[in-house]
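Have a look at the structure below, then the notes.
Lettered A, B, C and D in written order, each chain numbered from 1.
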Amino acid sequence: MSIVYFLFNQTLLFAIPLMIVALGAMFSERGGVVNLALEGIMVIGAFSGIFFMNWAQTNQVLSGMPLLFASMAIAALAGFLFSMLHAFAAINLAADQTISGTALNILGAGLAIFIAKTVQDGAQNISFTNEFRIESIPGLGSIPVLGDLLFKNCYITTFLGFLLLAFSWYLLMKTKFGLHLRSCGENPQAADAAGISVYKTRYAGVALSGILAGVGGLIYIIPISTEFTGTVAGYGFLALAVMIFGNYSPLRIGGAAFFFGFTKTISFAYSSIPFIAKLSLPDTFYKLIPYVATLILLAFTSKNSAAPRADGIPYDKSRR
Amino acid sequence: GSGSKSKPEIALITDSGGINDKSFNQSAWEAVKEYGEKNGKGYKYYKPANFDTAGYKAQIKNAKDNGAKVIVLPGYKFAAAMGELQNDEKYKDIHFVLIDFQPQDAKGNNVEPKSNVYAATFKEFQPGYLAGYAAVKDGYTKLGFMGGIALPAVINYGYGYLQGANDAAKAMNKTVDVKYYYTGSFNESPEIKTKATGWYNGGTEVIFSCGGQICNSIFAAAKETNKKVIGVDSDQKSQSETVITSAMKNVKKVVKDEIKASYDGKFEGGVHLLEAKDGDVGLSPDFSRFKNFKKADYDEVFKKVSDGSIKIVSYADVDANAKGDPNTANLKSVLTNVTVDYQK
Amino acid sequence: MLSKLFAKDGTKSVIASLISIFFGLVVGFIIILIFAPNEALEGFGILLSGGFYRGTESFSQMIYLSIPIMMTGLCVAFAYKTGEFNIGVPGQYLIGSFVAMYISIRWTFIPDSLVWIVAVICAGLAGALWALIPGFLKAFKNVNVVISGIMCNYICLLLVIQGIKSTIYNSTGAESMTIPESRSLPRTPLDGLLSTGDSNLRFVVAFLIAVGLCILAWVIMNKTQFGYELKAVGFNKDAAKYAGMNEKKTLILALATAGFFAGVGGALPYLCGSGKTLQITEVLPDEGFNGIPIALLGFSNPIGCIFAALFMGYINVGGNYLQSLNIAVEVIQIITGVIIYFASFTLFIKHVFAKHEANKRKKEEGKV
Amino acid sequence: MDDYAIEMLNITKEFPGIKANDNITLQVKKGEIHALLGENGAGKSTLMSILFGLYQPDEGEIRINGKAVKINDPNDANKYRIGMVHQHFKLVHNFTVLENIILGIEETGFGGKLVKGNARKKVMELSEKYKLNVDPDALIENITVGMQQRVEILKMLFRDNDILIFDEPTAVLTPQEIDELMLIMKNLKAEGKSIIFITHKLNEIKAVADRCTILRKGKYVDTVNVADVSKEQLSEKMVGHKVQLVVDKTPAKPKDVILKVEHLTYHPKGANKALVNDVSFEARAGEIVCIAGIDGNGQTELVYNLSGLAQPTSGKIYLNDIDITHKSIRERIDDGMKHIPEDRHKHGLVLDYNLSMNINLKNYYKPEYHKKGFLNFEKMDQYADKLIEEYDVRSGEGRKSIVRGMSGGNQQKAIVAREVEANGDLLIAVQPTRGLDVGAISFIHKQIVKQRDEGKAVLLVSLELDEVMALSDRILVIYEGEIVGDLDPKTTDIKELGLYMAGSKRGAQYAK
């Protein structure tokens, strides 16, 4: 049984940050702005969050959960500000969104390392102490099965992830804002004619993606390391893939993130799963699983892509 | 910035790794910096624009053009470049300190360093042995080894580790399981963390983390599962409370010594094989995180290792095609009390 | 005469790119000024002198650096014309590198002087084959090229690592072997003239191949039926289909052609006698991703890619020399990012042009 | 002084390179239906977009009920109770009818949650009152174009608008739907609402409008009382010279069978019934066979099957006795199929290519236009210039013009030129005059008749009964994917045709 807990736990490790960032991307794209800048935004989020954390920990300003939340707020803010560059280009200047997204990826990585090196006398890495893991949540941790699955050896960010999933679904599908956002992604002319400000709404979509990707960058780093080295190792692009895989809809994005997280886990934890370990295939074989499985699944599920119709097309009032 | 204000006489050039890689680059940089600051010499860190022999050569030349007198080069990647440049008259007045490799010719064969080239290689299998020995002596029977990339230095640590564990087990009349893996990277990642967590969950008690920043992920895994880690290269106990000991090679000391020798006019080229005997490798001096293993136990085994009365199979003794495989015949034959689970 | 030149779309793109570069440099200067005020002027001077900073030595470095990114840039640009964002370029590049290395090192039955030709062509074909995967998935299964490209990159990476380990592994360095100089590209007198610092380099032929392929791509795109179909598919898939074009075949062929360019790009730097090796670390090659900004800065035009790649090489060489001061090299990345960011405004800048022209025309009409 | 609901005074609006509106004045009285007439590109939509706040005028003033106002965006328009049914519907395809109607003026509850209860009630009431018959929960993509238009109308009614703008609402409707729309408009007028009605169809103007303002090339021409002028006078004012409204046509002399369709059935995956069901017919050289029917009865799919854009489930298609059922589109073109597509923007043109490239869209691969794969641009341009001249395709820079910037009418002319001039015995023309002005229509009609007279078979698919009656030599009526009647236009009338189209009558040979 403990193997199940373990697999679940590790799946969360991959799935939660991917899901949060992918949900962010979803808001941007459902509003009609392609956001390739996720990688860069994640880096900026992680950088500022960890930078702040490092500062707070060395100066003993904050600690524990308050520090985690403060760092997340910083990461969110940084992600938000950074994403505004994309929004400005994509929305106000009708820029090619692929180009501006790529630009921000380069810029994000450059800025994070440049600043780190400059303020740390040449050192690129920013270290932090992980004081945020929860051994067991009092009460909840002792619930049979569920307690072991969710409430032991966990991070508050896991619950935040689930909360965000629910929130994203509600926001997109059930609220006025969601309706406006979706209309701007599908048919901005219609939205405009209905008196909705396409620009403002799209800004909001990109802003949400910036906030979520910023936070996602931070919580990607916290459980896996003790320092931030200036990269999120392509997880921004993976999040984009998860978003497309999840067909731009919140619940399916959740599913896609967990599928990907699970196959990732299998590919690195196979040696702990007795019957798979027995096969003793080469390591590379297992490492290929998540990518090959995703491709195969995509081949079967991509016929009816639900990409928003106006996704990536700058809104120009006068073009019909 | 990564250097001093005055003319950089002491230069460090890395390959693709940076100066806080928690590995030899970092140790070497600390040495360069400390020496430079203390003695008022200019120092500088350079990273090549492209990571190939041409790029390394260009950066070495750049360092020279900027006034370097001592150039420290950690890592095998510089072997070909040094093989060429040491024959170049223009570089004969510059002292080179090479860490972990010696110059190579165009065919990839090692060549003798010239008198201005100090090539330091370490017997990593010795601290590796000590680490394995100490861990088993301390009572651990389920061990892990995670190397970054199967470089000779990394392999040496691993092979020594297995043999140390084996000898301790033999002495205690036990058998020991070791999981053995090269992560294929010197950087942290969720994948490595998952792998390590998987091992810990499967019963592994201590993992020898042997590859720069992968320790970040292994520390995180150990912390979550309340398990232990053995650090590498430098004393890593301050980086995580999960570190019980570190298998060290004293890159920092060597670099500092050689820079000093250069300024003191005592620089001596050639290949220098650094070992326990001279105190250049060993375990970190603090034994407080062991349960049973004591300083006295260490001193005893250390003596045997350094005087050569224990023979340790190293990378050099194994067919190069093994690519770091711990299951080669001559290694297997000595591992009587260890079962190695090699995940390749 | 001049005004006619200015009215051309191409000219506008060039001007837009130049404006972007200008802004990128200004921002770079400001950043240097903020973080290293004392060295700002000197630093910026080094940066601007770039490929000329240390004479032929840096000039040859610039050329050498531009070769792979010119090819990956061309790859991205070519696919972009069919409307696809080929983010799978690192994989196509990597597989080209591996195939070229394997052939040069292992196919000893081919004479030394000819092996580079086989290596380059096979590397291109390997890149093309690898690009077929996203191509087929898109054409027949409607799989988004971005996501299949990302997946294929990782798959390729893992396979290549496995391939290196089992064929051309150098255990001392835990990396691939190097291609022997004798089996590299031919060295021309010009190589000797340019690479004063390095007697092994042979990048001139590589550069000529790269530039030649860019020109070839331009011809394909603008002068041939295939190019006509390719752009039609890129602009309007349905209309292309209606007109009897096989839009699936066109898409697949276009991606394969793009992959070919990336594959060749993967081969060239390893054949330059620079001692470059393939790593077994699980990191995708930078040269692949760096093709994206090249394509974008070159406004997806093959000829534009030549200049964009040279420019990138230029400032990267300059950036490298910045290390002599206390300015982190990443300032180059920041400048590149800013340039690309401004390049995304091309449409806006062109718009400003259009407005300006309309105003001018109005004034002229007013005179009459 | 008259009681004007709306006055747009001396409006000027310029786009890069063109004055779309040049000092135009439009005055609409309270409670009248005011028609706006003009050729393609005359500036009607632009003027209305200004009124609706989508564009800002460069010069001029707007007054509502005598008060000068500034309309910055559709919200302002809504404030002044102006509503608009756009030429291209402004509906979100994957939203429900109800969601589209409330979009922008939603009611929300706790936590920003959408509350739809009241809106649904109001929509149902309005739907009932005006007999619009909409299902509030249907998705837009699943309802017919006619129904979509009613949603647009409901949107205005839901917002309690008093000034209603209809931009070419009838271009996409069936005769029955047009009649219903006219009725709805009259009802609205009776309630005191003011309506601006844009159309190219003169009899619609005669049928409902009180007054009519005519524009030509961005300039104001005249405002007239509809009752006082004839159709001919109207069209003359519109184009600036006399136009002939009826098609000159001699009786057909049908010869060999060119197109033969046998038991063609098309049932795509996911559809719950066959969209084309066991259709058989022939078209001969020298005749115009028309497929008539209400939109959405399988015409589009039938043509897709014939042209190769879709693969039939069963049945056979022969062109000149060659079985082309499984041939590629390219092969069909080479076998002599010419096709004016229904959707000129989706299929007919590569909007970002220039005119020459578009005219040669189906030529470029032919031997005379390339040498070993290299295009012969000179030849292509020559050919383009010839067609541009012959068909009077107007654009800013001739063959170099990017087609996206050309007016709809000229875009259509380019397609007609390309298809008509191509070699081949069969011309399939789908709604070739949709949304075009009389001048353009009569030109295209002439070309079609000329094709017939040159001995080609013409298959015309049209929703416009006037066009069907004027052009066809035989009429096949399609209903729910089946052919239900084979009629002779000389012995039938619009009324009877309507019965067939509505499915309430079937020809003897098509009895079930």
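In this section, a contact is a pair of C-beta atoms (placed from the backbone, for glycine too) under 8 Å apart; a residue touches a chain by one contact, two chains touch by 3 or more.
Protein identities per chain, from UniProt: A, C = Simple sugar transport system permease protein; D = Simple sugar transport system ATP-binding protein.
None of these values were measured; they are calculated from a predicted model.
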item	value
Winner on C-beta contact pairs when C-D is weighed against A-C	A-C
Inter-chain centre distance, chain C versus chain D - centres from mean C-alpha coordinates, in Å	46
Rounded Å distance, chain A centre to chain C centre (Cα mean)	29
Chain centre separation in whole Å, for chain D relative to chain A (CA means)	45
Distance between the centres, which are taken as Cα means, of chain C and chain B, whole angstrom	37
Chain C, residues touching no fewer than two other chains	36, 161, 328
Junction residues of chain B, two or more chains touched	1-3, 45, 187
Shared interface positions of chain A, touching two or more other chains	117-118, 122, 282
Chain pairs that touch, as defined at the top of this document	A-B, A-C, A-D, B-C, C-D
Contact set on chain D toward chain A in their complex	15, 52, 54-55, 73-75, 78, 84, 86, 88-95, 99-100, 103-106, 108, 111-114, 155
Chain A to chain B touching residues, read off their complex	2-3, 6, 9-10, 13-14, 117-118, 121-125, 130, 133, 153, 220, 223-227, 229, 231, 233, 264-265, 267-269, 271-272, 282-283
Complex contacts: residues of chain C adjacent to chain B	36, 54, 57, 61, 64-65, 161, 165, 169-174, 177-178, 180-181, 197-198, 200-201, 269, 272-277, 280-283, 316-317, 319-321, 323-329
Interfacial residue positions of chain B with respect to chain C in the complex	1-3, 5, 8, 44-55, 57-59, 61-62, 65-66, 76-77, 79-81, 106, 108, 149-152, 154, 184-187, 320-324
Chain A - residues contacting chain D, complex	170-171, 174-177, 179-180, 182-183, 186-187, 189-197, 309, 317-318, 320
